[in-house]
């Protein structure tokens, strides 16, 4: 919360043009979401980004036949023309936006080499580069896919929401537990993968065909199974394999619910602590409800309602 | 909650006929669930709705041969006749119910254009319209399916349960977090979908057939995988694809447990606060902490600590 | 907890033979788990039940060829003989146990018609009845399967665990929420099933084969999908079907995490309340930690530690 | 926790060489993670273990052709040579490490027969034994797989993390509930497996082929379904089977969320209590409720309310 506000303030101090004028106004519209215009710009951008992602991904559907070379003699379909027009319209829009961003920040180079700056550049560059690359070549297809990095810009709406930091914070705080958890998963996956490979392939002999062709394949099965994804492309075929598999599923299930519980508990405790913490200056009772005016033990007036963020235990994040 | 009670009271003030009589009695039976008759009516309606849904869906099973034209020469099976009889019996029942509803509310037009009014109309209209539409035509099948909107009426039993609002409330409160979560999912799905498409189709060449035929198809795979549904109709076939897929599964799993934790935490904190509530006899503030001696709003001594079970909103169950 | 203890005491008062002697000693061994012998009996019984379940289920595996008629001329395999011997050994054991149970309770008929009495009878009766039924007949196979109801007796170890009631209680308390949840699931399943049936089968025409052959089949798909089971036997084949399917998966996922959160929250609040509740007789502060000796507000000695169960709010179940 | 710290201290007292010197320095580097060198050693070991696991598992991929006999005439591929070199490099590294460990502990035999000592030995022994075993024999492949037990050594990084004990503790505390849960799952799996076998195979006759060939197969299906893994290799084919299957899925889902809730609740309550702990200066009792004024064991006034962050067990993270 307030750390997020501080971050916003710090960024504004660094990047917002100091003197009032066109650049400052533009900065407020493009980079901030406080004004009506700024919020409108954000929503328009969001729509443009999602439209652009839909376009770029639909381009690869073979049935629409959009990956042909427009320079060739084969008549281009109307659909392809529309896609081409829309794609260039959006590309030019994003180019203008990128130029404006560079224009209105105080330190354009700093922005250009920041994470968002690079994402913005990668969103438009491939469209221009593609003009010089041979059509239907592999590198062409890959190049055009780079435009899909645009999707990262959806995350810019992050700042619209006050709760996002809380979520990121809860995940970040659970990082050590997640590492321990990944170590346990690594061990479980390796051991169960090896076991199933031995049983299904080595022990059972070549009388029946096995899906567990190698240990990496078995590990892939173990991960797919323990996370309850269960594609079904690799399944045990022997009775012993099925029994061990069932046991591993139950074990894996018990194992994988633990991090869920941890994140849930972290969020739970966060919610409890942030909504219930005030200190009475007379009797020292803390942990009052949000909005409490009198101490509920001694009845003393809680004049100095200390907001949760200033509590000294550092539970308010990073 | 009290807001729910208020809503019920407001609706009653608006729609319940003012003068006592047949209409008011009918209104109490059909719209309210307080009396024995009203509760009985609700249960009878529930049974009728569920029976009707079973009927309409079984009609589409090809083995039962119920989609034939009864006007044709082919002898109709006894089963089809039974279905026809039951369906018309229920349709007429729902028609009478709809007519009575219109009759006993104070402002029939207001009801007719409300959500429930439209659902009620759509539940019976297709049966009558179907008489004029050619059998076995596409539009006929679609038309008859509209009757399945009846299922929404099951939600009318919502008011029977005091806990439903709590559930809806918890989901509603988590809405901002859910939007953030969906944005993160959108980014993860786009990036991982594009990556898998590149690896499985473009990089690996045409030596083996790939399930990742296009980016939308890959995104479909990413959603099916990250939510641990895992149909198995689209699976990676290359070793690199499997390794990246396994990594994405673990990442996706970590990602998707977060909203579970949020809703869980929201409900948890709610439950903790609702089970620890005390009423101040002076200012009427409820919801004090367990063990509170003074009201935290007015400082009045809470002599009469009213246990949670006697709170008037009925959140203590059965 | 203490309600469970009360139940045990009540049962003992009713069913335990009043006068000391062989019957009372036998009763304590067979029905109670307090003594070393009683506990040993419980564990032995548990092993016998699990062994018997394994036997009965392995009998149906076609490869072992155990379903043949032993009276026929075909030489019975050694494995089949072993199965036969073990099965009869266990059946006779269970028969003796059943007889002893009937012998040592005060009211044998009351026991015979109780849930456990019927389960005990159904565990042994089919073995004897099977002697008079023709082998390899359908009814024979079904009859022998009835013996698997023995598995219910595993639940007898329930009383070994103090935590079982807590679990059952948490589930029971969430029953209203679970009904609401099932109503919401019913609506979601019907609407999404109908929608997918329309799109995949009716709208798309007969140009491609669809897995959504009827509305019940589509509903089956919706349940399999929303619970993230995802067999993959019914999957969308059209692009529009896949997009709608992906949207439904995300919606369904959001929907299905709610009851998880509810049960989790219920258990959470329970744990918090049961571990922290004691009343100070001087200042009236409740909610002390388990094991607290002095009131943590006024320092008064907590002579009268009132167990959690006697708190008036009825949160201790049933 | 402090028990973990005690364990470390006890181990150090027993196994750390008493007199200063080379052995003590080596012990601190190899067994402890306090010093920079010790931490560096741990990380290097971690990298080596993971590299070795990747190597051993890739060896079994048929496409790489690494399972051939290098003594045969067939020219070994460059890749195979590289694998061979790396594998022996790592084996020798692990051998040196094992020798050093035996050298620097006070009681080498005690270490050699401890869990970690056996894992260390099993990590290197198969490589040496494999020299004397015929290539491409079954026993050879199994022998080499034993090396994958190395993965257990990843768990040595456990001590790097203060949170691991908390996780293990939460799982351990839930053990009774997990046993109850497994008993309930066993009953549900047996009953639903038998039911589906009866319906799909026995009742439906031989007119269609069934995936439910035996009761164990049906139980395998029940476990795969109830844990929401859903491979799709065993699916119901009859309409009645699908209806019962859908009901079982919903029931199983309700059932399986319970342990998730339990672990989550256990962790939640743990987190709440660990963040709200105060130390009594008289008797040393920690872990008082937030807002406690008197120690609840000795009644001494808690003048010095020590905030949670300064608690000595390091549970406050990084």
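Chains here go by letter, A, B, C and D, matching the order in which they are written, and residues are numbered from 1 within each.
What we mean here is this: contacts are C-beta pairs under 8 Å (C-beta built on N, C-alpha and C of every residue); 3 or more make two chains touch, one makes a residue touch a chain.
Protein identities per chain, from UniProt: A, B, C, D = Potassium channel protein.
None of the values given here were measured: they were computed from a predicted structure.
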Pair exhibiting more inter-chain C-beta contacts, B-D or C-D: C-D
Equivalent interface to B-C, taken from A-C, B-D or A-B so that over half of the residue contact pairs match: A-B
Inter-centroid spacing, chain D (Potassium channel protein) versus chain C (Potassium channel protein) (mean Cα positions, whole Å): 28
Inter-centroid spacing, chain D (Potassium channel protein) versus chain B (Potassium channel protein) (mean Cα positions, whole Å): 40
Touching two or more other chains - residue numbers and ranges from chain A (Potassium channel protein): 61, 216-217, 219, 228-232, 239, 260, 264, 266, 268, 272, 287, 297
Residue ranges of chain B (Potassium channel protein) touching chain D (Potassium channel protein) (in the complex, touch as defined): 61, 63, 228-232, 239, 264, 268
Chain D (Potassium channel protein) to chain A (Potassium channel protein) touching residues, read off their complex: 53, 56-62, 138, 141-142, 145, 148-149, 151-152, 154-155, 157-158, 161-164, 167, 170-171, 178, 182, 185, 216-217, 219-220, 223-224, 227-233, 256, 259-260, 263-264, 266-268, 270-272, 275-276, 290-291, 293, 305, 307-309, 316-318
Parts of chain D (Potassium channel protein) lying in touch with chain C (Potassium channel protein), wherever the complex brings them together: 176-177, 179-181, 183-184, 186-187, 190-191, 193-194, 197-198, 202-203, 213-217, 219, 225, 228-232, 235, 239, 242-243, 245-246, 249-250, 253-254, 257-258, 260-262, 264-266, 268-269, 272, 287-289, 292-302
